[in-house]
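In what follows, a single structure is set out as structure tokens and then discussed.
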Amino acid sequence: MIGTLDSKIPPGPLASKWANHKDHSRLVSPANRRKFEIIVVGSGLAGGSAAATLGEQGYNVKCFCYQDSPRRAHSIAAQGGINAAKNYQNDGDSVFRLFYDTIKGGDFRSREANVYRLAEVSNLIIDQCVEQGVPFAREYGGLLANRSFGGAQVSRTFYARGQTGQQLLLGAYQALCRQITAGTVKMFPQTEMLELVVVNGHAKGIITRSLITGEIQRHAGDAVVLASGGYGNVFYLSTNARGSNVTATYRAYKKGALFANPCYTQIHPTCIPVSGSYQSKLTLMSESLRNDGRVWVPKARGDKRPPEQIPEAERDYYLERKYPSFGNLSPRDIASRAAKEVCDDGRGAGESGRGVYLDFKDAIARLGEETIRERYGNLFDIYEKITAESAYQRPMRIYPAVHYTMGGLWVDYNLMSNLPGLHVIGEANFSDHGANRLGASALMQGLADGYFVLPYTLPNYLAGEVGKRPGTDAPAFEQVERDVRARVQKMLDVNGSRSVDSFHRELGLLLWDKCGMARNATGLREALARIPQIRDEFWRDVRILPQKNETYNQSLERAGRVADFLEFGELMCIDALTRDESCGGHFREEHQTPDGEALRNDEEFASVFAWEYQGNGAIEPPKLHREPLEFETVQLAQRSYK
Amino acid sequence: MIVAVTGVILVLFVIGHLLGNLQIFLGPEWINSYAQHLRDLGGFLWAIRLFLLIAVLLHIYYTIWLAIENRRARGSYREREPVKASFASRHMAMSGLIILAFIFYHLAHFTVRVTDPRFALLKADPLNRYDVYSMMVYGFQNVIVSAFYVLAMFLLALHLSHGASSFFQSLGLNDKKLTPRLARIGRVVAWLIFIGYTSIPVAVLLGLVKPAQQL
Amino acid sequence: MNFRLRVWRQKSSDEKGRLVDYDAPDISPNTSFLEMLDIVNERLIERGEEPIAFDSDCREGICGTCSLTINGEAHGPSHPGAACQLYMRRFTDGETITVEPFRARPFHFIKDLVVNRGALDRIVQAGGFISARAGSAPEANSIPVPKHDADRAMEAAACIGCGACAAACPNGSAMLFTSAKVSHLAFLPQGHPERVTRALRMVSAMDAEGFGNCTNTYECEAVCPAEISASFIAKLNREFARASFAKKLGD
């Protein structure tokens, strides 16, 4: 069905690929732009900035989000910052270095050309956001401040207190608001995309459900842009918002778009540990804490003394010990796995034994409590609110949690999937982070895609599509809408005995156990055997109340999402099983160096795994397509943070 | 904004009026000559009265209008707990309306002098001026009248304890540091006004101030 | 811990609502308020009763989705903080807890504890932005911004848009929300070109939505999870007066 995967990477030297590409892409004239309808699903950093920018350029945009306002997209929760190669600190940063750090951080599993472009436009993002009124931190001279973040050896991270995501999102949201007033963007809040409509092989529309009235609607467009975020909630417990889901991208996958690298999930090392079975979500503590906090566990197994009673000599500062040069700042995947290791070894902190200490005692002694309060006050407050403990007095307890998903729909250099017309941006695509994302890079990628990449590459597709938008009465729309209604009805008709959440929780625990921080073939096979059973049970025994579509129905909303997670989880495990190597966030226990580091197999696996859905009904194994990754500029090396 | 501006005009009047009244403690000579000065202003006095009347009417008109809008805008909770709003701020309409009633009574009592038949019996003072001093003393010797005055002044103080500082907020004349200070100053001023005004009936009732003439 | 809940149940804006009592036994003190409602809902579903509809998303106090009035206070008794950051250890064992939605006339009722706060979006749409076309911005460091101004802008920009200010206001006024956005942009040099129209348009949009007027009770400031200071309302009043004046002169 699908030929070779063409990544459409432009020719020429790495540094001039993007400029060349822009010079030779097709354009749509200003007069013609208003003839196009663009559908954007999602209103976070990627979707919001894309919708606003396309509106600015004169296209008609319809933007959809499940939240009650575009300002509530989960990008808002990002704390730490956004990277850019401005080199304002005069510490040797450059576009190349940002590119290199990103590709190395991704464990050499991303495309050189994409990542280089990302580093290149990073500077434009900062200019744009400052002009929009994003109140970045500043120095006394009035110029922008930076900090070093997430294991970078230069200070290239721009931030707005611990609320950088919020401020960047509000910038995009305000740009979006401006376009809504200008009439170029029509916003559809509380409207969820339930299906993609493909006409003659091109993505030309979506079917949506209003979360308020239950109304099922058809929307036709000349192109569809998915910016619906990641799938971290497949694990039930994650740092994602409760509503974050895989439905938009998974539905596109079932309509023929390839899903790339679903096993690449990022586990963030510094989250507040789980405290009980009732827990509904995990809370991230910004990684910036590791700049001043020291991570340790007791040296002795089962040492349950309160941390202040454990003498210095009996503490194991394991990150500093194992990675002397990066220490507490080693990359996320490495820090997470190290935490799991010491906890598996029975040396975990706290009641549950699933936690490690993040200690600020030395930093407070060195810098004074005031400075620490200034830097991390809001984070310490959050911590205290949740745990009722003060991190000024005793070390924080932290544990890794699912945070971000590097996998996503496969896209080419133009951010278009193999389905023509379907564009995928932000966390929803797979493109820039490889097997592990560096801190402060997600915000960068979302905004790069939305403000500076898609607005150049989308016209390249549209130019050949003048007047090809189908009417919503086209047979394809009719058919897809019928399918959607039937599926909703089927779900309501089950009328079983178990709540939607109970299935979600069961799936999440299973995946966290078998396809979480560390995976092995046996575990993955067990998960693959179990998931279809949970899914069958779901379709036999789920209970949705009220048992009706035409109303505000949160049970039904969630049921649809969980049903997709129940299929998607399987795809994730298949990918994890097939990728028989360790890389970045994907750690296969069978493949590690003698001292427990991830062992890549570049010979066999230096490629993107893109999965094609096969057939309807019962799940047949998806078909694997490989896109080889070619490295012309960087040398593949084992990541070493020692 | 109109509420704030008219409010501040009325506050200034209240302070001026208080300073005038406190002259009662300086004896009949002072206050009677003060009252005579006011009356000598003639047309100008009427201009001031008209100005104050307009201020009062605008203040009332706009607050009623705002109150209606606000009542419409707020949600109808079954249960509602104020977190920070002071008692004064939540009962501005009530205190305002009672003060309005008081103003009517006060004008009838001391300005038009129709409520107390004894005032007609008062003779002019030695310098042939109206004996305001004695009028006030006789007026306040009635416990019920004095009690109403004290109550009204209490409500006025309450009204001002919120109103005085609100002025600065509504006109945007404060900032984060000034706001709490202004609020404190507003409250202090309001209660000083209360003490000032109530000191007169209290002094009369305690017999510390006696009439200058017998009826 | 055990609690008795009195929860506002109302199927739609056409039907009458009422407070319904539910028992919430056996709740860990480390449960968040919303997780406690999750547990109650799970039990309702088990019994075949319709679960209580309530809004939430990020559950870490930043998205502004949760919108509960708990025991008569917007976001509940633990200020500053959103309802999702409220933990059951804050209550006493055996306590009766009343839960209602955010109420203010412009927040149109949807179901149970859920209201529509689109009015807040429309206020921002009226002018709460800087017109900066993507790709046309000057170099980020070309306009220095004094640290003090940037910090003040950040304080105002921290608003999470939950609408607790209007829900707690005895006048249903959205002044705190509006003032935060107007102030944020007025503190920055980039916001100055549109300063006059922004203040005028946002205030008139706020009035058009049917929000009430500020009588300086400061309830908004007290319940604000983002600790937005009411001094920004003074700033809005100032900006508005300035803008009205500038407009008169300009015409």
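Here the chain labels run A, B and C in written order, and each chain numbers its own residues starting at 1.
Heads up, the rule we're going with is that contacts are C-beta pairs under 8 Å (C-beta built on N, C-alpha and C of every residue); 3 or more make two chains touch, one makes a residue touch a chain.
As the structure is a computational prediction, the values presented were derived from the model and not from experiment.
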| query | Classify the inter-chain contact topology: is it line, ring, star, complete, or other? | reply | line
| request: Looking only at C-beta pairs in contact, point me to the busier pair out of A-C and B-C. | output: A-C
| said: From the C-alpha centres, identify the chain that is farthest from subunit A. | reply: B
| remark: dist(centroid_CA(subunit A), centroid_CA(subunit B)) in Å evaluates to 65
| So what's the Cα centroid distance for subunit A and subunit C, whole Å? | 27
| note | Here the gap between subunit B and subunit C, centre to centre from mean Cα coordinates and rounded to Å, is 39
| subunit C, residues touching no fewer than two other chains | none
| request: For subunit B, write out the residues touching at least two other chains, lowest number first. | output: none
| What are the residue numbers in subunit A that touch two or more other chains? | none
| request: Note which residues of subunit A are touching subunit C in the complex, please. | output: 49, 52-53, 56, 67-72, 74, 76-77, 86, 88, 124, 126-133, 135-144, 160-161, 163, 166-167, 170, 173-175, 177-178, 180-181, 187, 189, 212, 241-243, 275-276, 278-281, 283-284, 382, 385-386, 388, 451-452, 455, 497, 499, 501-502, 543, 545-546, 551-552, 554-555
| query | In the complex formed with subunit C, which residues of subunit B make contact? | reply | 1, 66, 69-86, 89-90, 92, 162, 165-166, 168-176, 178-179
| message | Give the list of subunit C residues in touch with subunit B in this complex. | response | 8, 19, 69, 71-73, 79, 98, 100, 102-107, 167-173, 210-219, 221-223, 229-231, 233-241
| remark: Note: in the complex, subunit C contacts subunit A through residues 12, 28, 30-32, 34-36, 38-39, 41-42, 44-46, 48-51, 53, 55-65, 78, 81, 85, 87, 89, 110-111, 114, 116-118, 120-121, 124-126, 128-141, 143-147, 150-151, 153-154, 157-158, 160-161, 184-185, 187-188, 190-191
